[in-house]
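Both complexes shown next keep chain A, but they swap its partner, so chain B is in the first and chain C is in the second.
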Partner chain A sequence: MNSMIYKKKSPLLVFLIPAFAFLLVYLYYPFVQNIINTVMRIGGLGRAAEGMNEPWYENYQKIMTDPYMRVALKNTLILIVCTIVFQVGIALILALLVDTIRVGAQFFRTVYFFPIVISATALGLMFNLIFLYKGGMVNQLLLHLGKLPYEVKPSGKVIVQWLDWKDQAHFLFTMLVPVMWQYVGFYFVILITGLNNIPQELYEAASIDGADGWRRTRFITLPLLRNVLCTCLVLAITGALKVFDLPWVMFGAGMPENMGWLTGTYMYDQTFNRMNVDYGSTIAVLIVVLGVVLSNVANRVFRPSEDL
Partner chain B sequence: MLSDRKKIPRAITYLVLSLWALTTIYPFIWVILNSFRKKGLIMSDSFSLPLGDAFTWENYLTAWQRADFKNAYLNSFLISGTVTVFVVLIAGLAAYGLVRYRFRGRGILYSLIMAGMMFPVFSTIIPVFRMEAVMGIAGTGNRWLSLLAVILPQIAGNLCFAIIILMGFIQSIPIELEESAYIDGCNVFQIFFRIIIPPAKSSFATVAIFAFLWSYNDLFTQSFFLRYPQERGITGLLNEISSQAGVNYGLMASSVVLVVIPVLIVYICLQKHIIKGLTAGAVKG
Partner chain C sequence: MKKVLALMLTLVMVMSFTSIAAFADGVTLNVVTSYGGDDGNRANFEAAVKEYEAATGNKVNDGSATSNEEWKAKVLTDFETGSEPDVLFYFTNADAEPFVSAGKVVSIDEIRAEYPDYATNMKSGMMAVAADGKQYSVPSSGYWENMFVNKAVLEDCGVAVPGPDYTWDQFLEDCEIIKEAGYTPIACSLVEVPHYWFEFAVMNNGTVTNHLDLPEKAGDAVAEKWAAGLNDIKALYEAGYFPANTLTASDAETVELFNAGEAAFLIDGSWKVGYFTENAEDLDDFAIAYVPGKGERSASEAIGGISMGYFITRKAWDDPAKREAAVEFVSLLTSDEIMSKFVTTEVTALVNGASPAGLNSLQQSAADANASITAVAGAVQDSLTAEARGDLFANVQNVVTGKMTAEDAVASAIALN
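== the complex of A and B ==
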């Protein structure tokens, strides 16, 4: 379809130069520079490098032995696993269910997708109120249900033993639930589009052959959805590695007691609050490497043959 | 008509779907209700309607007085508006060029765009900051320069996604339209603005909406470049409030509502475009 209009190539420069100039200056060049930064000694944000690190791989050595980095990696890996199991899992169930109904389908789509358009900062604050120690939504609910111990003082005052949702025993739950809740709708919308693309004739043929609802799901829907599921998986992995806003607003710098780091929040804290700029760059490189490696693994394991 | 055998599973389906819908709607309702409740009552009784004695406007008044919302809205809309306009224009031109022209290096450019989607903002932000400091844009304390310092990387960060989505749509426009316009004497640029943009309007709208929302909601880039109070955007302001509000939960609730309201209005008006446009691009990739 190489039409004669497009034989003359000179207008092409006008089409492509603005976009690629932007990408070159603000994406590709900084990306390469960031890798170089990992072996440099940099005193502060916006400052020039003061020379190479001694030895040049100092930051890489540090990242291997940094205990907080290990915490951040552990939490992030837990987040990835939970994202895959619950986020994509819940989204899949919801998508399969919405696919069977007609009335209200549009309503559910709109409502499920809604949290994604809200800023994570606002959501973080909202969840801070929901998980508040003294009288937050969850704790009040538990109190109403009689799940929290309380005593009534002779003066008539009620003393409740509130549950601290951000302490060492509960922080992981409190941190993961909002992140997962927010993005279920995103995978839901991707999956439901995938479902709509499955030809209706396949289901009709299966029905004639006597397949019931569960069998149709198991042997037609899920195999045909595999490509889309795989896309979701890659998005979930790279998304989880990048999570920053919600945990940052809710937990700040690694609360409680440096147990709550994620790779994103740790990188930000190192660069910004501690001015370890070159070390921050190293963490960023690790995030990219992990993202590429893990999504490749996911692709290898789950991507079906090309012809499907 | 449904047979009896099908009615029960159908009821369960609706029950499950409604339960999840409740988890996405109710927290917002809860926050809105409590933003109108007197300060002290939030912790003791947050589930009832704030009527009579419990009702107050005070939280909104405090929020408006204590924090400079007007300025923050202005900053946010300036940033996000500019980002949106440039992303749509630049990405539209690039997508058109990449779809319609056949030239050497086209494959490489396409892979570069795909790769660009993979770079998290973490991995580029430090060199960008340094570059802009050298250029005299970032860290100057001048409000307008600081806004520009956020706008430029945000445009670049949204371009790859926008180009991929728009390429999908432009591909589906029949080339015959362009050929007849060409015969009528239009040049390529007239074709782009008169023939390509009108049918792809809804996809341009999708890209515009997402560029706007991502830019408006982004905290990471903004907190790098907007260091002074008068430069802050709406998410930065909210982050500030959350660290200062202490136990004033009414203030927190009303601030959340003030930040969410513009997005809520945009979403309800445009939800059809948002979901339809996103999926058309997302599943192809």
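== the complex of A and C ==
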């Protein structure tokens, strides 16, 4: 059935134009304005630009040399890799497992999806309590297991050397775990939907030919999941570049000691707390560029096939 | 038939959007104050708001939150994006300049042209004056910053409660004793609230009379004074007198450390008295003492003043319904009776003074300390722009860990002022 069935195309325009106009005003115009803002000098949100920067590419120079931006990029790259390996990886394993069971599949879907529904701020507060220095759940557990050194003073007072989960040695773990945990369910649901689209006959034919579980997964499931996996990867990469809420609630501005910046949190801090709006716009442009470049790389590598 | 029904439903929906405002009883006033979160006066404020709503039939949309740098930045952003509240309780110095100079708040003179009795219960000389010479805000209770001490911890360590002649050297000795006994000498989160220690460290390297001087360029006398103050804080950090996780803890965590009897000293302000009144297991364990003095500063010289006030925004003033409601709200909240509930030991601008009801032990301790205060200066950081201040305090962690010199941190802040 081709589109020649609709002889008059003009009714389509009536439906397309409002949405396009909306996008133009609220997405494309601000995006272009943001790029213009990167060469202007703006001292606060809502304030008019006070002329152009001297030289006009000052912000771009700054972003290349800013040590905190380098920290943010490094941490974000680590986050992207961990997102791909752990979030999508664990989601894939869970989806494959849940796909094999009949009883309780719906229960597991609900349970794994649930963390996404919870507000990231609430999760941040919860994980703050879990990783709290004195009296946090993890530290109390370690104390009871005898893993924390302690000292008994002559007065009888016991001083425990609590583990600081937000210090330089541990902050990466403490930052990544909650973010990973929250969105595994999201990719799990996408993958399980993709799995459901694979026809059962293929599996039946394969088992008749003598393929066991692992070979069926390797030669049928994974190739047919490529398109969906590619989508998941692009979402994971762009999500990691933008992530803000959970790391901000738990770590704030670059904690610890300016080593915990992510591109999303650094952009927010520069724009809203430091009132450096033009530099914040530059960081935003960098995030977009990185997102587009990395998504294209992911697409090339996984190349969703048209013929599947 | 279906088309008629669909059309009717759409019409009802559209009408319901517009008519909600008309059917609402009274005016809805958007108010933002710092009496939110864990502020000591939050309960008093919410009670006063209920009183206002009952008396006038208006509704108050309370957007109050705890005052910190993020809250200040958010308020300024709201003004710039046109979503400012109708009544705002905010700082009255350099922080307010962005919206005062943009004409977004109404001056007291303009309000008094229509409401001659507005804020007449306040001493005119004590009301804040903006850069253009006009007054824009009605002051509420003032504040003081001083040293809270946990008497139980001090007693356990055999350290005396500091008196008005407490010196820095005595303080360092006491901190060493407290640290040896296994307690944390100073409760402070250097990453979140370094500013109390900054104020007193700067005053310790200068005098109370020149405390409000701002550095004009890097390396001048005031900049060196500030750098010396930062280096004093660095010395305390290197001696291990701050909590072990001072660079990753939140203020709430370190205050709880103090509250739970694990730390001895906490510099905080008058607003915190309400916090301990509500949260301390035994209020008698706490007292207000004195921040140790060095050089030309004596421990009996403190930080304080009136730094916040109620503004009425032009947005509310231009709306005739909200104008009356806003004026009534501010008048009620700054009336003698309501102020007497907010104030226990803080200074006010009231002509008749406040008459607070019975003081609890901590409030009495604060009143006793205030009686021995010989001089007070405002906080010098309030004269910095938000960018400069944010930069300075974000660099305190870099200074104490040695990643940046104190001089560079001060220079970086001056460049943004």
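Assume the second predicted complex is superposed on the first by the 276 of 308 C-alpha atoms of A that agree within 3 Å, B and C clash if a C-alpha of one lies under 4 Å from a C-alpha of the other, contacts with A are read in each partner's own complex, and residues count from 1 in each chain.
Methods note: a contact is a pair of C-beta atoms (placed from the backbone, for glycine too) under 8 Å apart; a residue touches a chain by one contact, two chains touch by 3 or more.
Please read all numbers here as calculations on a predicted model, not as lab measurements.
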Inset, instruction - Evaluate whether chain B and chain C can sit on chain A together after superposition, giving fit or clash. - result: clash
Inset, instruction - Go through the superposed model and pick first if A:N258 touches only chain B, second if only chain C, both, or neither. - result: second
Inset, instruction - Report for A:G194: first if it touches chain B alone, second if chain C alone, otherwise both or neither. - result: first
Legend entry - First (chain B), second (chain C), both or neither touched by A:K147: neither
Inset, instruction - Pick one for A:R70: touches chain B only (first), chain C only (second), both, or neither. - result: neither
Inset, instruction - Once the structures are superposed on A, label A:D164 by its partner contacts, choosing first (chain B), second (chain C), both or neither. - result: second
Inset, instruction - For A:F31, decide between first (touching chain B), second (touching chain C), both and neither. - result: first
Inset, instruction - Going by the touch definition up top, name the partner, chain B or chain C, that contacts more of chain A. - result: B
Inset, instruction - Quick one: classify A:Y268 as touching chain B (first), chain C (second), both or neither. - result: first
Inset, instruction - Check the residue A:S155 against both partner chains and state whether it touches chain B (first), chain C (second), both, or neither. - result: second
Inset, instruction - Name the contact category of A:L45: first (chain B only), second (chain C only), both, or neither. - result: both
Inset, instruction - Run through 59-67, 167-175, 347-355 or 383-391 for chain C and report the one that clashes with chain B in the overlay. - result: 59-67
Inset, instruction - Kindly list the residues of chain A that each of chain B and chain C touches, one partner per complex. - result: 45-47, 128, 132, 134, 252, 272
Inset, instruction - Using the touch rule from the top, collect the residues of chain A that touch chain B in their complex. - result: 1-6, 8-9, 11-12, 14-16, 18-20, 22-23, 25-31, 33-34, 37, 45-48, 90, 93-94, 97-98, 100-101, 104, 107-115, 117-122, 124-130, 132, 134-137, 140, 144, 181, 184-185, 189-190, 192-194, 197, 213, 228, 231, 238, 241-242, 244-245, 248-249, 252, 264, 267-268, 271-272, 277, 280-281, 283-285, 287-288, 291-292
Legend entry - Contact footprint of chain A on chain B as seen in their complex: 9-10, 13-14, 16-17, 20-21, 23-25, 27-28, 30-31, 34, 42-47, 90-91, 93-94, 96-98, 100-103, 109, 112-113, 116, 118-131, 133-134, 138-139, 152-153, 155-157, 159-160, 163, 175, 178-179, 182, 187-189, 191, 213, 216-220, 223-224, 234-235, 238-239, 241-243, 249, 252-253, 255-256, 259-260, 263, 266-267, 271, 274-275, 278-280, 282-283, 285
Inset, instruction - Sort out for me which residues of chain C touch chain A in the complex. - result: 69-70, 73-74, 76-77, 79-82, 98, 156, 181-183, 191-192, 244-245, 247-250, 253, 257, 262, 386-387, 390-391, 394, 397-398, 401, 403
Legend entry - Complex contact set, residues of chain A against chain C: 43-47, 128, 132-134, 151, 153, 155, 157-159, 162, 164, 166-167, 171, 252-253, 255-258, 272-276
